[in-house]
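Take a look at the following structure, please.
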Amino acid sequence: MGSKGIVKSGTDIEGGVVRLAEVVQALSSRIRIELIGNPDLEIHGLSTLEAAGPGELSFLSQSRYLAKLAASRAACVILSASERDAGVARGCCLVVEDPYYCFALVTQWWKARLRPEPEGFVHASAFIDPTARIASNVSIGPFVCVEAGAVIESRASVGAHCVIGRDAVVGSATRLGPHVTLGERCRIGERCVVHAGAVFGADGFGFAPHAGHWVKIEQLGAVLIGNDVEIGANTCIDRGALLDTVIEDGVKIDNLVQIGHNVRIGKHSALAGCSGVAGSAVIGAHCTVGGGAVVLGHLSLADHVHVSAASVVTRSISKPGHYSGLFPIDDNAAWEKNAASLKQLHVLRDRLKQIEKWMASSLEKS
Amino acid sequence: MGSKGIVKSGTDIEGGVVRLAEVVQALSSRIRIELIGNPDLEIHGLSTLEAAGPGELSFLSQSRYLAKLAASRAACVILSASERDAGVARGCCLVVEDPYYCFALVTQWWKARLRPEPEGFVHASAFIDPTARIASNVSIGPFVCVEAGAVIESRASVGAHCVIGRDAVVGSATRLGPHVTLGERCRIGERCVVHAGAVFGADGFGFAPHAGHWVKIEQLGAVLIGNDVEIGANTCIDRGALLDTVIEDGVKIDNLVQIGHNVRIGKHSALAGCSGVAGSAVIGAHCTVGGGAVVLGHLSLADHVHVSAASVVTRSISKPGHYSGLFPIDDNAAWEKNAASLKQLHVLRDRLKQIEKWMASSLEKS
Amino acid sequence: MGSKGIVKSGTDIEGGVVRLAEVVQALSSRIRIELIGNPDLEIHGLSTLEAAGPGELSFLSQSRYLAKLAASRAACVILSASERDAGVARGCCLVVEDPYYCFALVTQWWKARLRPEPEGFVHASAFIDPTARIASNVSIGPFVCVEAGAVIESRASVGAHCVIGRDAVVGSATRLGPHVTLGERCRIGERCVVHAGAVFGADGFGFAPHAGHWVKIEQLGAVLIGNDVEIGANTCIDRGALLDTVIEDGVKIDNLVQIGHNVRIGKHSALAGCSGVAGSAVIGAHCTVGGGAVVLGHLSLADHVHVSAASVVTRSISKPGHYSGLFPIDDNAAWEKNAASLKQLHVLRDRLKQIEKWMASSLEKS
């Protein structure tokens, strides 16, 4: 396999060829596009500047990649007005206000064209409780289990092996991948995307210590997810203890993320893979949490707080901004010396103070 | 959704209203309760002090939340003798020795009353090998797979899509959520709770390096889980290489936790979400491991060791106590300066020593 | 349970007894073995030096465990020529060049003998699309779902509840545990082992920010996995955005690991549990990444780079070697003092500079 190098299986597939004018046409209701070059140019795939072949459409998101533009073999490149001259010099291009946003729209159009979502079938093997309410044009995959009182709204798609618990609700046009668990009474809104293995509504981690044992606090809340939310594979969002765990509209959560009970995450915040938010933390709107970062319990983060990867938020943050806290990586020998010194850091500080005192008294004398 | 605020779906549900005296009656076989106020008061939900409405029962766990008590609209509050006067001043209350423990018992009673566990059905779609032994009053959900020789003991509940491997054992009154995998020969004890997607008995990560390749060491042990254990969603506990991975009685493990092969975790220890315990580590009894913390392989932790969130245990700990090791978070600019200095810390230390030497010789001269 | 101590369920099972000569015979086509002792010795299990009982075969991997050798009750011990004398002094032994490698081979032989892989059955409950191509001697477990155009090659084994997406490929002799999701167009090579709940081909985490919202970039690539790869339970490998995410031959990935879109991991690298590799990172061949470590996006690591557990790779590494970056654990009180000092470290550095200046000028004067 190694010898084959990177394979492009994604875009260059059956029925793929379109005229450039069709792409422009498809997007023109959303954004302004200036086409420079031949509208009859055939596009048969999307790619990066480096990997693009002669029939492919690519994009230049930032001016610092200008050198890649010149070298690219792409048939056509989406770029902004400030890169217009460089684009024209190279050949065919689409000039737009925000090339990255434009490219996102192109990927959506491309996928919808080549891989339209299946619609309106319920697999014969699915188990659907007679009291569940299933809108008429949903898709329900093999071995799905929909329990009593659950609701699947119109155009929702429920992947193979999903479990939709009692009285749970899947909103309109929401797509659940395979093996998703939506627990009893949990609700997910409209136009959401949930990837395989995600678990909504497992019990929050709540126990009262008593006589050397942990006594379970039954978790009586639920999980409430807004509209346009995306949740990654094997991510877990626990139900609240008494109230609900709430994920607001437009939030994006990556794979293998843990969201504890009673957490609230504000609109349009994004959490990268392997991050964790402990119980009862409240994250504002438009925040970002980097991969592997941890937010401890009962804290609040203001809107527009950005936490670097692998950093641990140990106190509430009331001011928008960018926060970090991770040990810089180094070669192991250097790290060992610094780590050893770090364990004596407060002693070093005290020694420094001593010297400063002495220096001060010396200066006084002199 | 944002406009609706926090929704209380958990407790305030059908058939919910009870008289306060019924609550007291239900708990009186377990703990001593003094009821102050009207025993006929109607309770239709449980809540926090802040969120409680007029018909709800709440609790005051610690005296530092006294201000919340006064402001609460709760119908009745569970509190301790030391807060008795404040409670009486506010109105109806239940005085107990340990309010948090009492509240835990209330949640259990409440849940059992409103959402009794289903009992004694095997879903028609389940596949059960004819050599498996299924006690007569268990619950087995849709699409469950029970392999040859497996045992499901009395009153156990096996959620939809679980896979119970060959010769595996699910103990009496244990409840498995959906999509749980209990591997071949693994055993889980009595009264355990396992959440969706947990995996017991995947192979431990064991390979012998040989000629630039990794050669698999087949993992021949199993996973052995005691009684009264709770395991979170998508948590993984690997089978031992030669012996067994052992989780002792009363252990509580949160979501997305990784437990490597041959690990042993002592009674009543608790591990928070996203933590990891590497192969052959031994954790004592009554320990706690914070969220995202890592215990490296082959270490041992004494009983009553408490590891802070996101800390990495790199050496065995023989003394009970509280241990931490995480980089303090700061605004990014400050962090960058400190991180850069940290990479030179051992040099700073050496420079400090130089100055001290000079100071010492100066002092000698003077 | 605690009173029973460690249980050995793994090896000492039905049909287990073999003559030592049979073990030697089985391995002799792979490695050179010198048998010292009685070839008719009965072996009925494999174990560690400490836990081995009188009928068990064990191994001594490193000379620093020599003390354990003398104390072991094992019937026979695999060891290297340099430990030959100690082995002979103790009794029966097998002398080989690389005892750990030899032991790995023994575990493989032992497992194949006692727990042969099932072959050539398709469970009646499986749903297999008529356009899928299933080789004749594969095993397909209960409730498996194989979608249109998928290919299952010869001797592959697909565990209960797996979902094999449209046009996906499972290579020859590859074994998938239960609940594995192999997404549309994703491919896994030959002789791979995948544990329960692993997800291949969920969407990469890609969004274009636009007007305060996140706009989805459809992920059009796939996941491509080489031969002889092992992937742990609940691990997630995302599909590429435009190109493919690639895991090369011989790579071993532990449980609960996150691999972002467009990542490439070179041959024979190994990643321990809870680690994460962010999008578009490229990891070389023969690398190791410790448990809980994070590699940030768009970085490259040269071949033979070893990253310690819980370290965060924040820059590309072009030189083979061992790299670390984690805060040393300490008792909490000491940690607090050092962490507080750390937040002032750059100030300490500046103060130190001031003193040095003064010292330099003092020395000049004197």
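Which chain is which? They are A, B and C, in the order written, and residues in each are numbered from 1.
Operating definition for what follows: a contact is a pair of C-beta atoms (placed from the backbone, for glycine too) under 8 Å apart; a residue touches a chain by one contact, two chains touch by 3 or more.
Owing to the predicted nature of the structure, the values given are computational and were not obtained by experimental measurement.
Annotation, subunit B versus subunit C: rotation angle of 120 degrees from the Cα superposition, expressed as a multiple of 5. Mostly differing positions are employed by subunit A and subunit C in their mutual contact, as under half of the interface residue numbers are shared between these two copies. As a whole-number value, the distance joining the C-alpha centres of subunit A and subunit C reads 26 Å. In subunit A, the residues touching two or more other chains are 143, 161, 179, 197, 234, 256, 274, 292, 326-328, 330, 340, 342, 344-345, 348, 352, 355, 362.
Those residues of subunit B that touch subunit A in the complex are listed here as 1-2, 6-11, 46-48, 51, 98, 100-101, 103-105, 107-108, 110-111, 115, 123, 125, 141-143, 159-161, 177-179, 193, 195-197, 228, 230, 232-234, 250, 252, 254-256, 268, 270, 272-274, 286, 291-292, 309-310, 326-332, 335-336, 339-340, 342-346, 348-349, 352, 355-356, 359, 362-363. Every residue of subunit B that touches subunit C in the complex is listed here, in rising order: 127, 143, 145, 161, 163, 179, 181, 183-185, 189, 197, 199, 202-203, 205, 207-210, 212-222, 224, 226-227, 234, 236, 238-244, 246, 248-249, 256, 258, 260, 264, 266-267, 274, 276, 278, 292, 294, 296, 307-308, 311-315, 321-328, 330, 334, 337-338, 340-342, 344-345, 348, 351-352, 355, 358, 362.
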